[in-house]
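Consider the two complexes below, in which subunit A is the common component and subunit B and subunit C are the respective partners.
Our next item is the complex of A and B:
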C-alpha cells in the first residue's frame, strides 16, 4: 500500500488525501456495510425460522435418530441419538479418508516414479494413467464403479471365490477375520516394544556414527526386532488366534469381515483419482532436484542407492510435501461425494438429519467445524513434517 | 629441393562410417528403452502381459462386441436376460447414448426451442475461438464481447420471455448445457472476485485483510458439496419470506463463491512472485493504488499464474458434476437419471456405457484446457524462470 512509501509531509494538503485517514474511513465503511448485511440476514433468518417453527440450538442432537446406518464402525441402532449418528458419520469419513490417502500415496508414488522410468513402456503407461484419471470428474468415477462395475458382480449365491477364502459379490467383498485370543495383547506389546527398541537403536547408532564413524546395520536390526518380537510372543503364548472364514449360505455370507460396495466404490475412485495428482507432484519433486546434486554424490563416492536415500529423496520431499498436503485435504473433502451412492459419511448423515429436523444452520455449522477441524489437523501435522524436512539453514 | 617427401597428409575427408549395428535400428532402441537391465526386462514383460490382457478386452467392449443400433433395451440383452445376444455377452450399448443424446445435451429443454441453445453455443464458440488464438487481432473488443456482452445475450436467449421468445424455466434445463452454463458463470465471476480477494488478503488494512482471510480459508476448508448445500438450504433462509431464489441461481452462487476462494490463492501466488521493486517503482512514478495494481503488478502477476488459473478452471469444470447432489441435472446428472430411472434402457451394460460416454466428454474438455494452458505457458514465458 501507498502509505508505506509516501512520506508524512506529502499528505499534509488535505485530510481527504491522507492515505491513513482514507484507509480508516474505508474500513469503517466496510464494517458498517457488513454489519448492516449481517443484521438483515439474521433478521430474515429468525423470521423464517419462526414461521416454520424450527427451534434453534443444538438440543436436537439428543433426540432419537430413528434411521438405520448399514456401514458403521461403532455400535449404533435407530434408537441412538442424532449425536451418535453424526459420530458414526465422522468415523466413516475418516475411514474413507485415511484408507484412501494411504492407497493414493502408494499408487501415486509408483506412477510418479514410473513416469520418470528409463523403460519406455512403463513411462507411457504411467502417462496414460495420469492423463486419463486427472481429467475425469471423481464423482463420475465413483458412479462408474458403483453402478457400472460392482453392481454387475454376481449375487451372493454365485459369489466369486477368491484366494484365502474370500468372496466377492454384489454385496461387497468378504474376507477372513482374525479373532484374537486372551493373551493376544502380548503380541501387540511385542510389536510396540520392537518399535521402541528399533527407534532407540537407530538413535544410538547415529550418535555412534557421528562420534566414531563406525556404522551399525540399523535396518536389519529393526526388521528383526519389529517382526521377531511379536512372532516370538505369538509362539510363546501358544498361537492365541483363530481365523474365521466367511461361510457361504443360501442367502447371505456369514462370518468374516465385509467391505460394502459403497465403501469400495468411494475408496477405489478417490484413491485412483488422487493418485494421478500425487504422481505429478512426485514427478515434479524428483525433477526439481538439480542434476548437480546427483553428480555431487557420485563424486563423494556414494552408491546410487545411498545417494538416492541420503541426497535426492530428502530434497525431493521438500518440494513434494506442501502440494501433497493439499491433495490429502482434497481427498478428505472429496469423501463427501459419498452421498451420491449412499455411503453414510458425515455429509450424508447430516443431510438425513437436516431432512428430519430442519435444523439447517446447526447442521451446516457442524459440517464446517468437522471439515475445518480435519483440515487444520492435517495441515498442522504436515506443516510439522514439512518443517522437519525443510532446508536447515545455519 | 627434396625429391621424396615421405610425410603424407590426407587431403579429403573420410566418409562417415555407418553407426555400429548395436547403436541404431529397432534392436538398439528396444535394448535401450525396454531391456536395459534385468529389472527393466521383467517390467517390460509384465507391462506387455498387462496390455495384452486389458487392451483387447477394452477394445472389444467399446467397439467389436458393442451394439450400435437398436430401439430399446432388448437390443442389449442376452438370451438369458430376454434378448437375442449370446450368453455371457458383454459390450457397450451405444443405442442408449444415441437415443438419449438430445437429453444428454439439453436436458428437458423444449424440443422446438433447442435452436436457442444451439445458437448460444455457436455464439460462444465464435467469440471464444478468436480469443484463444493469439494471432487474431481485436483482443480487447473480443474480450469485452465475451465476458460482458455475451452473458446478457445468453441470458435472454436461454431464459427467454422477451422479444417473443417463450420463457423456459431453469428446472427444464439440463445436460451438457447446464455444465457449460455453470462453468462459464463460475469462470466469469470467480476471476474478478478472486483478484479482489487476493488484493484484500495482501492489503495493509487489517479489517479488509482479516475478512478476506476468513472467507478464503473457510471456503477452502470445506468441501464444495457443503458450500452447495449451504447455497441451496441456507440462502432461502437469509432472504425475506416470500422472496425465492431460482435453484440454478443458488448453485451458480455456490460454485462461483467456491471457485473465487481458490482463484484468490492462485492470484496471491502471482502477486507474491512480483519483486518488491515493481511496487516501489510504481509508487515512485506517483501511481495510485489501483493504477499501480492495474498497470504494473496485475499484468505481470496474472501472466505468471495462467497455468494455475486454468487448473482452477479445470477443477471447477469437473466440480460442476457435484450439482447432481442438490438434485440438479448437469451432464452427469442426466446420464445418471437415465441410467437409474428409465426402464426403456435398463440393461446391465447401460450404466457402464452411459458413464463411459460422459467420461469421454469431460475428458475432452479438461484435456483440451490443460493442453491449451501448457501452450500459453510456453508462449508467455518471457524468461522469469531460471
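Our next item is the complex of A and C:
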C-alpha cells in the first residue's frame, strides 16, 4: 500500500532509492536467511542424531506396536503397526473433540441465554456456573471428574442399576447393545430417505412462502418423516434386531456397550469448561444486537419468538462465530490433557510410541502436523459457516 | 525487518552453541562440579525422597558412587526426576549425564536409541499384584482373563503384558497411565483388578496402598527385567567410568570391603584388595580411567559396597525386605559378577 502514495518521480532515481526494488531485495534477503536458518537446523539435527547413533526416519511406523489400547474405534491389537496405533489415537482425539464441541455448544448457548433471563434464579445460577468453570484450569476440571466423581462410584460388584438394563460403576457406564439383523439396512435407508424428503419439503415450503406468503408446518412434517419412515421400515421387516445386555463376568461386566471413565471424565470436563466461555460469547453476541432491532421487529408485528429467531439470532451469530471458532480449537487442543487420566488420545499413544522407539523428533513432527491439520480444518469449516451467516447486502 | 534478521542470527548463534557441546562428558562434569543424574520420580527402594527430603535408593546410590569416584565426594550429584516417557530424550539430549532410573536393558535401547548400558544393578522380573480381599479366588496370573490391568505407558512392562495375555489366549483391558503415581492411585481406587510392573516395584507400591495387607503379589514372573544405569553412545571414556564404578561396587563386596572397614583394609596384605583400593605401588588403574587412584576407596566411603547398598535400600534394612535371590554375588549362587580390577 505504501508504494502507491509515493510519487512516480522518486522511482526514477538510483535503484537504491527505488522503494519497489528495496522492498523486493529486503524480502529476498529475509527469505534467504530463513531458508538458511531452517537448512542449518535440519542439518545440525541430522548430524547430531547420526553422531549419537540414533535411528532416524519414519520407517518405524511400519513396525509392530506390541502394546494394547483399550479405547478404540477401529480394529487394533498388539500385532498392528505403530501407524495404526497412531490412527487409533487420532480417532480418539477426534471423538472426544467432536462430542465435546457439540455438548459444549449446547450447554454454552443455554447458559449464555440463561444469563440474560428475566428469572433471577436462572440468571444467578448461570453466572455462578460461568464464574466457577471459567476460573479453574482445565486439568483440574478433568481430575475433578475423574478422581472426584467417577472414581467414587461403586465397584463392579455393587454397580448402580439404571433403567433399560444399564449400569454405572467406577469402570464406566454400561448399556445394552442393539445387534442388528439382516434387513436392518432398510431402517437406515428409511432414515436417509426421511432426511432427504424433509430437506426437499423445507425448500419447497420456503419457495412457496416467498411466492405466496402461505406457511407450511415444516418442523412437524420433518419430524414425522425422519422418525416415522425408519420405524415403519423396522415394523415391516419384522423387528430385525436383538438386544445384548451387560452381564456380570468374573472381573467386569461383559457384553453390551461400555463407555470408560477416562473418556467420560475428559468429555464432561472439556464440555463444561469450554461451555463457560461459549456462554459468555453467546451473551456478548445477543447484547451486541442493538435494541432498535428488537423495537423494529415488534413494529413489524413479529412475535418475540419469531423476532428472536429471524432478527436477533442471525445478527448475534455474526458476532458469536469468530470467537466460537477459537473455543472449538481450544477444546481440541485441551483434549491432549487426556494423558493425565490415561485416555488413549493422539498425545498419549504418540508418547508411548516415542518411548518405545525413541523417535522423539519424528513423533513430535506427527503431533504438530495432526493438531495443525485438525485446527485448520475446523477453522476452514467455521470460516465457511461464518461467510454463510454473514450479513448479505442485496 | 532488521529486527527480524538480527533475531534469526541470534537464534542461530544460540543453536550453534548447543550443538558444539563436546563429547567429553568427564571434562564437562568436572568443569561444572557435579554429576547430573536422571532418576525415577518416586519408586521406593530405587529412587524416592525420604522424610528428610533426601533422595534414597539403589539407583540414587549408584549415581552417588559415580560422583564419589570422580570428585571423592558422593554429594556432588544433582538428581533429575524423569517419567518413563522423558527418560531417554533427557539422556540423548545431554540433560543428564547418567540415566539411573530402573531401566530395562534391551537390544532396542542399546541400538536404535543410542544408549550404552553399564551393567545390571538389579535383576528383576515382571509380576502382578491384586487386591486379595476383593478377588479372593485368584491366586495365579493365569486366572486374570477379562481383568482390567493398570500399567505405566512406554515401559517394557506394557509390551510384556500384551505378549503374556496374547500367548495365553486371555483377554484383558489395559488402563494405561503416563506417571507411576497416577497408575498407583487408579489401582488403589479400584479402577483396575490387577497392577503390573517389576516385582521389586510391586513390593514398593504395595507399601503405598491404603491397606497394604489386602494386596498380594501373584507368583508368576512373566519377563526378564535387568535394570541398570545407561549413558549416551559416543563417549567411551565416560562409559568406562560408569561401568567400572559398578564393577568396583561388586568387587568391594566380594573382597569384604565395607564402608566401616575400608580405611583399615587399605593396609591389607591381600594384593587383590591393595590393587582394588589403589594402595599398590606405582598403580595406574585409577589414572588410566581418568580418576584418582583411590577412587574405589571414595566410592565405598560414600555409599558402601553393592551388598550394603542393596540391604539398605530394598533388603533387610528397608521396609521392603526383599531377599538377595539372583542379585546375590556369583560366589553365593547369584548373578552379580564383578569383572576383575587388574
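FYI, the second predicted complex is superposed on the first by the 344 of 394 C-alpha atoms of A that agree within 3 Å, B and C clash if a C-alpha of one lies under 4 Å from a C-alpha of the other, contacts with A are read in each partner's own complex, and residues count from 1 in each chain.
In the analysis below, contacts are C-beta pairs under 8 Å (C-beta built on N, C-alpha and C of every residue); 3 or more make two chains touch, one makes a residue touch a chain.
Note that the structure is a prediction, hence the values are computed from the model and not measured.
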item	value
First, second, both or neither for A:228, with subunit B first and subunit C second	neither
Touched partner set for A:368, first subunit B, second subunit C, both or neither	first
Partner chain(s) touched by A:334 [first = subunit B, second = subunit C, both, neither]	first
First, second, both or neither for A:170, with subunit B first and subunit C second	second
First, second, both or neither for A:342, with subunit B first and subunit C second	second
Contacts of A:322 with subunit B and subunit C, given as first, second, both or neither	neither
First, second, both or neither for A:59, with subunit B first and subunit C second	neither
Partner chain in contact with A:351 - subunit B first, subunit C second, else both or neither	both
Touched partner set for A:51, first subunit B, second subunit C, both or neither	both
Set intersection of subunit A contacts, subunit C complex versus subunit B complex	26, 30, 34, 41, 44, 47-48, 51, 147, 151, 339-340, 351, 354, 360
In the complex with subunit A, residue positions of subunit B that touch it	33-34, 36, 40, 43-44, 47-48, 50-51, 203-208, 211, 218, 221-226, 229-230, 233-234, 236-241, 280, 283-284, 288-289, 292, 314, 318-319, 321-322, 324-325, 332, 336, 339-340, 348, 351-352, 355-356, 358-359, 362-363, 366-367, 370
Touch list for subunit C against partner subunit A, complex	1, 4-5, 8-9, 11-12, 15-16, 19, 23, 84-85, 87-89, 92, 108-109, 111-114, 134-135, 144-148, 153-155, 158-159, 161-163, 165-166, 172-178, 182-183, 185-186, 189-191, 193, 232-234
Contact footprint of subunit B on subunit A as seen in their complex	1-6, 23, 26-27, 30-31, 34, 41, 44-45, 47-49, 51, 117-122, 125, 131-132, 134-141, 143-144, 147-149, 151-152, 333-334, 336-337, 339-340, 347, 351, 354, 360-361, 364, 367-368, 371-372, 375-376
Interface residues, subunit A side, partner subunit C - complex	26, 29-30, 33-34, 37, 40-41, 44, 47-48, 51-55, 66-70, 77-78, 147, 151, 155, 157, 170-171, 249-252, 254, 261-262, 339-342, 344, 348, 351-352, 354-358, 360
